[in-house]
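Next come two complexes, and both contain chain A; in the first it sits with chain B, in the second with chain C.
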Partner chain A sequence: MAKKDDVSRRQFLNYTLTGVGGFMAAGMLLPMVRFAIDPIMKEGAKQDMVPVVEVSKVTEKPQRFTFEIEQKDGWYESKVTQAAWVYKDKNGDIVALSPICKHLGCTVDWAASPAHPNQFYCPCHGGRYEKDGTNIKGTPPLAPLDVYKKEVKDGKLYLGQAVPQ
Partner chain B sequence: MKWRSEDMDLYLQSTEYVDTAIVPLIPIAWGNQLKHTVLKGEFPLIVSEELERQLKGRVVLFPTLSYLTSESDVDIISRLLALKDELSENGIPHIVFVSSDARWSDVDELRADLINIPPVPLEHMEDEYRRDVIGEQVKHLLQIVTKKWQNTKLGE
Partner chain C sequence: MLQKMYDWVDERLDITPMWRDIADHEVPEHVNPAHHFSAFVYCFGGLTFFITVIQILSGMFLSMYYVPDIINAYESVYYLQNEVAFGVIVRGMHHWGASLVIVMMFLHTLRVFFQGAYKKPRELNWVVGVMIFGVMLGLGFTGYLLPWDMKALFATKVGLEIAQTVPVIGPALKTLLAGDATIIGAQTLTRFFAIHVFFLPGALLGLMGAHFIMIRKQGISGPL
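Our next item is the complex of A and B:
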C-alpha cells in the first residue's frame, strides 16, 4: 500500500515537473518560433487586393468608389468601408488616391470648392490638393494624398493598401 | 476624433483645429414599444459615427447622451444645455446633437444645435441600399455642419 503510494507520489512529481518544465520550455520557445515565422504571419495579415470597379467605368474626372475591407481595431475585427478617388491620367494610367486628408484625417472631395474646380478640397480646414494628390502650399496639409496599390485583372480594378507618395 | 485616449492626444496637439462636438441622443426605455425606442437611437448613432469618419480632424464624437423616455423634457433639456455650456467654456463652440426622437424636433432651446433625422429601420435592408441611405443622411448632416463652420475660420 505504502509502496504504491510512494510510486504514485513520485509519478505525481514527475508529471508535475514535466508539466512545469514543459510550460517553461514552451514559454521560451514560443516567442522564438513566432519570431522565426513572423514574416510569414505578417504576409498573411497584409491587406488583400479587393475588386473595386470595372476599368471601363474609370473616367478622366476623379470619381469616388467605395469598397469593403476587414479591419482590426485592437482586438475587434470589423468590416470597414473605404473610399478611393479614381481617374485616368493623361497617359491613360489609372490613379487611385486615398480620400483621407493628410492634415488631420478628414475626407477630401473633388472640386468641392467653387474657387478651385480642379483640386481636391478638405471641408475641415480648407486643405487642397492637385489632381495627382500633391498638397498645395499654403494650405494645412504637409504631404500629398496616399495612393492605393493597384492591379488590373480581367477588366477590373483591384485596390490594396494606401501608401504615402 | 473619437472618445478615446489616443484621439485625445491628437486633439491636445491640435486644439486650434477642433471646434465641434457631435453628440448622438439615445432614448432608453424597457417594456412597451421596446423596438421602436431602440430604433430611435440606432440610426443617429450610425450616422454620427460616419460623420466623424468624414470630419475626423475637426470634430469629436462624444459618447451618446441617453435619457429615459420617462424623464421630463425640462430635465433632459437642461442636461443637454449643461453639456453645451461646459464645451463652449472649454474651446468647443459648436455642438451638434443628432437625434431621431420627434420629441426634440420643435424645442426652441435646442433648435440651433440639434439635427433631427428620420429613424430608418436598417435591419432588413440590402447592404448596398443601406449604405446609400446612410450616405444620403450623412451628406445632409455634412452640409449643415459645414454651414455652421462657414463663419468660423480655424487655424488660419
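Our next item is the complex of A and C:
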C-alpha cells in the first residue's frame, strides 16, 4: 500500500513528461531568443574622433558644422554626415552640442525662433534649449542636448560620440 | 459530380458535423439588419475580419516584389506600384485597408462598449479583443516603415523615441525594435519586416481564433 506522500506512477510520469517537454521547449527557444535580443547584448561600437573645423573658426556664437563618420549598421558600412553646434563659452572653452532634439529626435536650430534669439529651437513641437544645451522648462524636451566628446589637436577640433550631459 | 466527391470524402471522414458546427447556426433576430436596420452595428466585427483577410492576401502578393533592404526597398515599392500591372491597385488595397481595418475595429469596439456586451460572461473576449487591437496597431507601425521613404523613416524615428520613454525598459525596448542602439537602418528594416509579416500576423491569427471560438461558445449578447 502506497504511503500518502508517495509519488504515484501517474504523477511520476507527469513530472517526467513536463520536465522533458520543458527541456525540449527551452532547447528550441533559447537559441532563437538569444538570436533576437543580440542588439541589446552587443556593446556599442566605439566611434573614432573626426576632425571637424579649425579652432580659429569657432566663434562665441554657435555655428553649425558638419562632419563625416564611418558608420557600421550590421552588415552595411557607410559614410554618414553628422552636424554639431560649436561655440566658445565665456571661459574660452569649446562646446559642441548635438542638434538632435531630446524630445522626439527632430533637428534643432540656433535662434530659429524670432521670439527667442538666444536659444536653440526645435520646429517640430517648439522645444527650446539654452545656449549651453539646457532644456527650458515648460517646453517638450526632458533632457539637455547631448554633447560631443571633443579633442583639440594641431589647431583642429576633433569630435567623437555624442553623450548625454 | 461535386455531390459525389463530397459524399466520397464524407463517407470516410464524416466532415458534415464539422462544417455544420462552424457554419450552420441561426442569426438571432436582434442581430439581423433585415429585421431591425439598426442592427447594422453588429457588422463591424465581421467587416474587420473581412478587411483583415484582404490585408493578408494583398500583403502576400506584395511580398512577391518587395525586398526589405535599405538599398532596394524604396525602388521595389516604386517598381511594383508603377511598373507592375495592377500594382497600384494591390498596394492601394493594402495601404487603404490598413487604415480602414483600424476604423472598423474601432467601431466594433465602440458597439461592444456601448451595448455593454463585454460584461459577464464575455470579459475574456474583451481582453482578447484589446490584445488584437494592440497587434493591429503594431502591424500599422511596423508596416509604415517598409516603403523606406522619408515619411516612413522619420515616423519610425519618432515612434521609437516614444518607445524609449517607457520607464525602465525603454532604451532596451528601442534597441530591440530597431536592431541597433543608435542607428535606424538596415537592421531596423529587416526587423520591422520580420515583425510585420511573421510575428504579428501569427499572433493575430491565434488571437482571432480565440476571439471566434469564444463568441461561438458563448453566443452573441442578447438584445438591449
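Operating definition for what follows: the second predicted complex is superposed on the first by the 119 of 165 C-alpha atoms of A that agree within 3 Å, B and C clash if a C-alpha of one lies under 4 Å from a C-alpha of the other, contacts with A are read in each partner's own complex, and residues count from 1 in each chain.
Heads up, the rule we're going with is that contacts are C-beta pairs under 8 Å (C-beta built on N, C-alpha and C of every residue); 3 or more make two chains touch, one makes a residue touch a chain.
Just so we're clear, the structure is a prediction, and the values are computed from it rather than from any experiment.
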{"item": "First, second, both or neither for A:G105, with chain B first and chain C second", "value": "both"}
{"item": "Touched partner set for A:G155, first chain B, second chain C, both or neither", "value": "neither"}
{"item": "First (chain B), second (chain C), both or neither touched by A:H125", "value": "first"}
{"item": "Which superposed partner A:G138 touches (first chain B, second chain C, both, neither)", "value": "neither"}
{"item": "Partner chain in contact with A:T81 - chain B first, chain C second, else both or neither", "value": "first"}
{"item": "Partner chain(s) touched by A:D73 [first = chain B, second = chain C, both, neither]", "value": "second"}
{"item": "Which superposed partner A:P114 touches (first chain B, second chain C, both, neither)", "value": "neither"}
{"item": "Set intersection of chain A contacts, chain C complex versus chain B complex", "value": "103-105"}
{"item": "Chain B residues within the chain A interface of the complex", "value": "10, 14, 17, 53-58, 131, 142, 146, 149, 154-156"}
{"item": "Parts of chain C lying in touch with chain A, wherever the complex brings them together", "value": "70, 157-158, 161-162, 172, 175-176, 178-183, 185-187"}
{"item": "In the complex, chain A residues that touch chain C", "value": "36-37, 39-40, 44, 71, 73-76, 103-105"}
{"item": "Touching residues (chain side chain A, partner chain B) in the complex", "value": "66, 81, 101, 103-107, 122-126, 140"}
